[in-house]
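All chains are identified by letter, namely A, B, C and D, in their written order; residue positions are counted from 1 within each chain.
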């Protein structure tokens, strides 16, 4: 008899669940709202003068735990300031082994490498997942940037950061469906 | 026209024509039952279920069938080829053979056997054995376990199933399913009248039907988390599809049998009889599905204990009470 | 006997498994192996507990009483044993893990586990990585609860380097650890249901619901760190990401909703079938649990009142009144009960602590700007913390030849390894179905066992 | 006296009994005192009787020959550290180390703690330290046919190997 009552009770529980709207979405056609801090792919940025931020310091290459970043450093004269400065002649990031740890963003001294909120599309070839410099600069224009860059992260981790710190306005949380 | 009707009166031709109609209908219904079950389960899980093939995923069963036919047909090297290949077909044959005596409406049945109940139970009871044959022929230890469990379960649960099905037989005084249904139309459904043994026999029958159909909570032969896929571990493609559809057909026909024996068959207040029969069958099948997606699984020894300690004595008691009732009624 | 009729299939002895493969490794410049690599693997498998006789050269201790059925020799005489290789690919081994079962009918006579299929050499890799880079790698160890992995290894670094963690970071870490515990236990509950109820059945319903709630917690983490998993949000000396505006409210909403819905699911677990499948199954008594080094919910379910969060408080656990749940039975049911109660307790603690999150910095060291910024002094430390699976320890050796920021040797003491080591002791005597239930209730994560 | 202090005092007393320098490990981060190889098992037994009943870990590490200029400061050796834990209130980890020369082995703690079984197998597998009295000293992580012990310092991380199947 206990079995019978418990079974009816369980059936009632499943029935109540059946009355709820599905929490999943029809993925490729609809997408859930993502958090502003989401990090998925990479981009290289330009500064206000339209000049490349990357100075080819190779910090990101050295810090990368899975060694997916390759930077070829070069030195040229800047067309804007007419002074010599470092450039990255080539910059490749192999997404196949990337573990999205954000450490390259963390160490960048010029906020050159940042992460984007949208991920790369799946491809049929291995080359498709290698982010060349062209792709990285294209990502800057095409994809929404993630919240963090080195300045923001350093500010967050500042040991002197006081009690009067201001909240990041961009870091609003997304409402989580189902929780409300 | 008259000649055609005369031709139909020949039992062989009648059986062939109606058999073909019922088998075709059953196979297509089974395909859509899988769609229904997937949508139903998805709903319970807060998922969406199949959405991609056709509107609301309605063409999904067809896509499934095509996919299964396309798949590579693998026969393990050490398998017994003949038995391995024959087992799915035999299983499906037994599953479909039950349909011969299920009356969907006064005229719509393949064969109006005088011993319909006996035949249906005997053939559905046989279904466990080709499964076991396939499992044995696979030469796989998981399949062997599954086959052994399937046979043990089929043998054990056959007994309370037959005993509980005997209750309407005793009440109606006939072994023909058609006559049992007609008796119910006259005297009220056995599940509710006479109050007492009928409803218990009905619950017992559906319970054992769950077990015979390898449905959770009695699905120990297949037990995915323990035995990978049980008897069908080594089967691929359409052979696996045959096993799966045999299982669905078995569950469906058990529901139909339950509807005919206990819920008055095609009896309904208005409209065409076959509609009521199908409605009752579907309601029972929804119940079976619902239970499947709700409960956890028994252990095999607990399953056997449940059968031999509770169900068999209970069914015997029910039969005794029914006999007394019939005796007193005169 | 049904199984005696088995066709004469080749027995799956380990010797038969070890097919000759051409050696593909080069020996590094070394003095050669110290000892021959193990006893020869041909012939019968040595009984697991053969040598557990008290030694003669020192005072005998209370010898652990070996289970009689662990000794195969009593069986070989009168029964044909069937070997069944459960895994490495099996729906219920929770990863790639292999247990060779010696079966008499459906009864397990002996179980021999073979871990190592997921060995990735993390410890060796860590010897080459800087302190800051180890965090994202260690994330992948226990891939069900990455947050606590990060904390364990970073606390070891902090302990060795003598870095103090700011109070805000300690509170935040506590909140993260506790919410991660809820997520981890939810995943356990789902998979446990699946073990008991099959991939096509009621278990899956439970599984899907648990995953649905777990997604909410991952949403929380995503809002904080930017990743749903493998966060890399801890660093030496604190955290990398501060709490965004609105996050505490979101946590309250999420955990409140989960707390409410837990009751519904537990109603399903109170079904008699669940008790029938779990009560009295896989009993681990307190002595065996302690001796085997079981920790966490497994130890508490065996009646040992031990919780590092309360007994050796780290993070901000000293500031909350933590209730520790202990069950005496030591069976699968007790383990389930302990985990479920822990979920509730974790929700409660998280909600209290996130309200009292003190202001201030979240990191006491300078943010990582230079490669190899954190220098490791020589020395050895051991730090153990209570993860959802038990005591996750990090033994860190600094200095040595690796002067700089890489550890000389890093050893992860993983709770799941010990949980898997219990298999030869509890499985014998159970049926095959029970074995699945026991494996599920141990909740091992193979990434952590094999590392 | 709190539970922790009682445990610390107890541990110091046991260490003194074994003529070891009782040291609070939190401060000097040495990984515990160095114990002579012969007394390793005895110490573990004494600790187990005194309440350190939970087995935590065994860590073997390989130390290469160390030179200062031309003089050899330290020869190649192993170091095996063991940790036990007392359970309940005031839980405390008892740690000690044993120095092993290249050809020495160490007593297995398996007769005392069943949990030592896999931990010691792992250390044997990865570092190559042999445990005397272990009943089933096989490789745990690496395949049985593997050559070498990966966590040794002379086993280069770049050591090539074909994909293992």
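As a convention for this text, a contact is a pair of C-beta atoms (placed from the backbone, for glycine too) under 8 Å apart; a residue touches a chain by one contact, two chains touch by 3 or more.
Predicted model only: the values in this text are computed from it and were never measured.
J.: Does A-C or A-B have the larger number of C-beta pairs in contact?
T.: Spelling it out, more C-beta pairs touch across A-C than across the other pair.
J.: Suppose each chain is reduced to the average of its Cα coordinates; what separation in Å results between chain A and chain D?
T.: Result: the chain centres lie 42 Å from each other.
J.: Counting in whole Å, what is the centre-to-centre distance of chain A and chain C, each centre being its mean C-alpha position?
T.: Chain A and chain C have C-alpha centres separated by 29 Å.
J.: Which whole number of Å gives the spacing of the CA centres of chain A and chain B?
T.: A distance of 54 Å separates the two centres.
J.: Using mean CA coordinates as chain centres, what's the gap between chain C and chain D in Å?
T.: Taking the average C-alpha coordinate of chain C and of chain D, the gap between them is 21 Å.
J.: Can you tell me which residues of chain D touch two or more of the remaining chains?
T.: none
J.: Where does chain A touch two or more other chains at once, residue-wise?
T.: Those would be 7, 10, 13-14, 17, 23.
J.: Residues touching two or more other chains, restricted to chain B: which are they?
T.: In chain B, residues 44-47, 293-295 touch at least two other chains, as defined above.
J.: Using the definition of touching given at the top, classify the network of chains in this structure as line, ring, star, complete or other.
T.: The chain contacts form none of line, ring, star or complete graph.
J.: Using the touch definition from the top, list the residues of chain D that touch chain C in their complex.
T.: 4, 28-32, 41-42, 45, 48-49, 53-57, 59, 61, 63-64, 66, 76, 81, 83, 85, 87-93, 95, 97, 102-103, 105, 110-115, 117-119, 122, 124, 126, 128-130, 133-157, 159-162, 164-165
J.: If you look only at chain A, which of its residues touch chain B in the complex?
T.: 7, 10-11, 13-15, 17-18, 20-26
J.: Give the list of chain C residues in touch with chain A in this complex.
T.: Against chain A, the touching part of chain C is residues 129-130, 132-137, 140, 166, 202, 205, 209, 212, 215-216, 219-220, 222-227, 230, 232, 235, 237-242, 244-247, 250, 253-254, 257, 264-265, 267-268, 270-273, 359-371.
J.: Which bits of chain C are touching chain B when the two form their complex?
T.: 2-3, 6-7, 9, 82, 84, 90-92, 106, 193-205, 208-209, 212, 268, 271, 273-274, 276-277, 431-436
J.: If you look only at chain B, which of its residues touch chain A in the complex?
T.: Interface residues on the chain B side: 40, 42-48, 51, 290-291, 293-295.
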